[in-house]
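Here chain A shows up in two complexes: once beside chain B, once beside chain C.
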Partner chain A sequence: MANALAQHKPIDEALPRKTRMRLGRLLIYGPLCVMAALYLMPLWVMVVTSLKPLDEIYGGSFIGLPQTVTLEAWRAAWSEACIGTECTGLKPYFTNSLLMVIPAVVLSTGIGAINGYILTKWRFPGANFVFGLLLFGCFLPYQAILIPMARTLGLLGLAGSIPGLVFVHVAYGICFTTLFFRNFFVSLPDELTKAAMVDGAGFFRIFWSVILPTSIPIIVVSCIWQFTQIWNDFLFGVSFTSGGNSPMTVALNNIVNVTTGRKQYNVDMAAAMIAAIPTLLVYIIAGRYFVRGLTAGAVKG
Partner chain B sequence: MNAAKSFSSRLAGWLPRIVVAPSLLVVIVTVYLFILWTGVISFTSSKFVPVYDFVGLEQFVRLWATPRWHTAVANLLIFSALFLSLSTGIGLLMAILLDQNIRAEGFLRAVYLYPMALSFIVTGTAWKWIMNPGLGIQKVVNELGWTSFTFDWITDPNMAIYTVVIAGVWQSSGFAMAIFLAGLRGIDNSVIKAAQIEGAGLPLIYRQIIIPMLRPAMLSVIVLLSYIAIKSFDLVLALTNGGPGSATELPSTFMFSATFRRNQMGVGAASAIMMLMTVAAIIVPYLYSELRERNNG
Partner chain C sequence: MSTLEIDRVRKTYGSLEVLKEVSISIGTGDFLVLLGPSGCGKSTLLNMIAGLENISGGEVRIAGKVVNELSPKDRDIAMVFQSYALYPTMTVRRNIEFGMKIRGVPAAQRDKAVRAAADLLQITHLLDRKPSQLSGGQRQRVAMGRAIVRQPKLFLFDEPLSNLDAKLRVDMRTEIKRLHARLGTTIVYVTHDQIEAMTLATRVAVMKGGVVQQLDDPQTVYDRPANVYVAKFVGSPAMNIIPGKVEIEGGSATAVIDMAMRPAVRIPGIQLSSRAASRYAGRKVLFGIRPEMFSVGNGQAQGAISVDVDVVEPTGPDTLAVFQLGGVEVTARLPPKQVNARASAILAVDRSKVVLFDPDSEELIN
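This part shows the complex of A and B:
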């Protein structure tokens, strides 16, 4: 019966339509997969190169699987590689970056939260102008402030130090964090704060008990954005620190630009991976929030 | 007692302003006052340390008489034109393809966007290795049998700037994709349905209806990518270190090396001011229109 019905279908029409659909899908998936491969290639190359012994790198192809897998390059990058004249590996610089990134993220996110709260729930005359002033700070080409900042850090006694870098990252970070929190709080109903005010809650009380509990998602966005920006920063690190106080990115660049001896590409790639892993982990775990931070400057709040 | 109460209520009224004041002060000093300070230095004869004499536009004249600066400006034009058009084009194409109800969309999106999580130093290091003529792509293709294939752009002064474009596009086109995809998701499906009923094919619908509707997203992408292009510094430093020679110098690297390596602080400050003016010319109108739309909406 079913067969009989099926034979009534105009076969000559059904088939081409199906193949046309298939062809269309192929035209969609084909480019997408090719692009995905191209995007993954550098990561693949970094990982396989970092796992090869040096002889295999000079003898074999850069893209193929390692014949002998060794973690020697990772060990060298972590604890032996020379940065300038010091052969300590990346370990102390990794600590530097952590000591810089943790206070800077906490401070800039906290300050941004309270600024956003004020600019939306306690609006005062000129609040919009204040927001505009902060907003331009997000798009500042930092070359325009490098020289004065170097002088100021020197005057404050913070030149070349990690607290100095924390100060710089907080100062320019609050522009971004205020933007995030302001755009998030704008969509919270004002009734929320008004009701709390009727109940006698003050400025800080409302912030702690009413506003903060609703803002977990934007706190995550702000922390992730700040963490990625500060961890990946190179310009401030290379301009305001030297030697043992440098962050990871500066140390990585120094390892890679060593010109003496036989170039240890496997160590370079292991070092690059070590520098990349913290932000990659954050991206893999909380990619959704990462994208929100990324598009915050573009999508209307 | 009455006076005390009015004082405390007045204090409460001022509290928000008092709390926001320190951040505002920090931003006014570190952004606006520092810009002014850089501007002042650009009118002095500062070399190794700032000196506060006044030499007029001498440093700007010297800057524009420096061949290295001309290279940097020309490179910025080449780099931003290619970087912008390729990132926007690839980003738009990927966003449209991803928007066709496909399987594994989340995974593919994550793959296109992960380079944005990396430091430009990491990106530069990786691509420097991939494009190494002795051991990278060239060698692999040669060993596959195409022995005359050469890909030595990174060591060729005429082509090196294009290697910066390749690495930059790899890093940033996912960002364009994310913004376009957000824009596409915001378009009402009934528009497309209506056009399909009228008998329009998909390519026509995209060309005539959807892409024009992506205007706001397009504007955001172009503005934000221009900003990334102008401030590109770490990528060049890690990939080519401005070389071979000064072949991949950009204004950002020029400013850095003039100020911190060649003891020409005045010239460095003048180049920083040129960069700032370029960024401001793009960003200020954009922010103005975004803020105005927000307030109206």
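This part shows the complex of A and C:
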């Protein structure tokens, strides 16, 4: 490497090597820092605004550091802010979202895993066709299924309820989770299943003892993906639930859009932060698996 | 008592026939090698014996019992796969005892069986490692350990050595042979490597296109191949197949091989049954001569042939000489430094071992 560089005479011989390297670094990191700052600006505004008393916001700038730091807005957003006519804060809706997101993520990931397992290790005539149909589901726009889904939920007696919303998210998520798991399991050798069959293991035993333990990365990918999709979903939430059953995102919208008197910017910002924290946490905790899992199967070795 | 009978077994995928009425029968303690190129149906046949593929027609009997409809676990078999197929998340110990666990074998007994197998295969120090921490040869041993603890009626090996490097392959081959000698279990072993087949088998089934070409002990397959295909597939370098003519002179058969620039080569004293002699007298045949059946001769000896050596390839213990005979390229295995490239040489042929094939059917003439 060093030899190769030495043979090509540097274009600019005037500056010593070290200075030139520093200059190069500056040219790389300078713009990167500017871009990062630009990208983080909204977060900065949200954080500082949520920590300011309302008077300071109306009296001063949006961007500056708060003169007096107060968590009053966070408390208000969590337990006092008015959503429509109810002034309960985000707390009950946060619970709603948890009640929705946990079963929906677990069910869609579980079903996706079994689907992927069947589509790769227990192939049946027409397996590719079924997989094609499932793939097609990934490209269905949300809006297209709103009315048929509303009708289905009505027939099932789940309209307007949290279980109904779980059902919608599971049905919509299976396409994606099946795709994840199928592509992961395709890279596992079929001989693994055969060996387990000769050892006497059955369908579910092979799944539990042999296949699932190898698929931690893809389980994490599926969970992160599904959690983010479902937690952040607004359209299904606003379409298929009402009033006290609404998820977090719908409640947040109502807080921000329904105001009496002065607009409570600090409460709005705190509420938005509360809504974003769970996905942020999931990414921080499981993020490294996400990249690893997404590239698994793509690169062998 | 663990015989295996494959009785007119067929395998079809739609209209595609992969196995055509294959019949093979071996006795207790036999080591059967299914030998053939890829796509000949040997692995399919093994999977059908294991119960991993459906049998389209015919019967498979293990120890006299028809197993067509039994699932793999009820067939009393154990299998070693080409990729070893070790469970990647389990330790070596858990890999070996997985099957026993499923069958509800008590822990103490499992432990004893794992220990015994690990001792036999010298992998005791590896028991708590994961497969990813093992080398290819060690993985191979673990896979065999998993099969051994089962104490099956039948071991099935699916190209178990083809993922190993050349040196290790030879070592593991010896290991498998030793294992067979010690356990005495009936083995079915699939490979495309004819050396593995020769060294390991008590019975070799050479397959091509879903048909068994020959089922015999290895030496017979080598010495008297059933047809030209088997002759060329078994042995390296392959058996030379030289077109020529049989002439009967005073009750003994003589091979007459035409040469381009010289008088025809005559090799008297070819072994031929009287029935075949009368049938093929004066007719065209194919002569099968293995490279090592040539030797350096002298001009006076009867049946000595004079050839122009084209290329010599020293391999160390001996030298391969390539020349033209009867219009085809022929290889002879000779002692080192006896002949030179681009020079003529006098060679003799071990006449008693020359085999003849029918030029139309390419079958062995008995």
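We take it that the second predicted complex is superposed on the first by the 266 of 301 C-alpha atoms of A that agree within 3 Å, B and C clash if a C-alpha of one lies under 4 Å from a C-alpha of the other, contacts with A are read in each partner's own complex, and residues count from 1 in each chain.
Here is the rule we go by: contacts are C-beta pairs under 8 Å (C-beta built on N, C-alpha and C of every residue); 3 or more make two chains touch, one makes a residue touch a chain.
Source: prediction; values computed, not measured.
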Inset, instruction - Could you say whether A:C82 touches chain B, chain C, both of them, or neither, answering first, second, both or neither? - result: neither
Inset, instruction - Specify the partner with more touching residues on chain A, choosing between chain B and chain C. - result: B
Inset, instruction - In the overlay, answer first, second, both or neither for which of chain B and chain C A:P213 touches. - result: second
Inset, instruction - Check the residue A:G200 against both partner chains and state whether it touches chain B (first), chain C (second), both, or neither. - result: second
Inset, instruction - Identify the partner contact of A:L98: answer first if only chain B is touched, second if only chain C is, both if each is, neither if none is. - result: neither
Inset, instruction - Could you look at A:P189 and tell me whether it touches chain B, chain C, both or neither (first, second, both, neither)? - result: second
Inset, instruction - Have a look at where A:L140 lands relative to chain B and chain C in the superposition and call it first, second, both or neither. - result: first
Inset, instruction - Mind sorting out which residues of chain A both chain B and chain C touch, each in its own complex? - result: none
Legend entry - chain C residues within the chain A interface of the complex: 47, 50-52, 71-73, 77-79, 81-83, 85-90, 98-99, 102-103, 146, 150
Inset, instruction - Using the touch rule from the top, collect the residues of chain B that touch chain A in their complex. - result: 12, 15-17, 19-20, 23-24, 26-28, 30-35, 37-38, 41, 50, 90, 93-94, 97-98, 100, 102, 108, 110-123, 125-130, 132, 135-137, 139-140, 143, 170, 174-175, 178-179, 182, 216-217, 220-221, 224, 227, 230-231, 233-234, 237-238, 241, 251-252, 255-256, 259-260, 265, 268-269, 271-273, 275-276, 279, 283-284, 287, 290-291, 293-295, 297
Legend entry - Footprint of chain C on chain A - complex, ascending: 189, 191-192, 194-201, 205, 209-210, 213-214
Legend entry - Residue ranges of chain A touching chain B (in the complex, touch as defined): 28-29, 31-32, 35-36, 38-43, 45-46, 49, 57-58, 61-63, 111, 114-115, 118-119, 122, 124, 128, 130, 132-137, 139-149, 151-152, 168, 171-172, 174-175, 178, 202-203, 228, 231-235, 238-239, 249, 252-253, 256-257, 265, 268-269, 271-272, 275-276, 279-280, 282-284, 287, 290-291, 294-295, 297-301
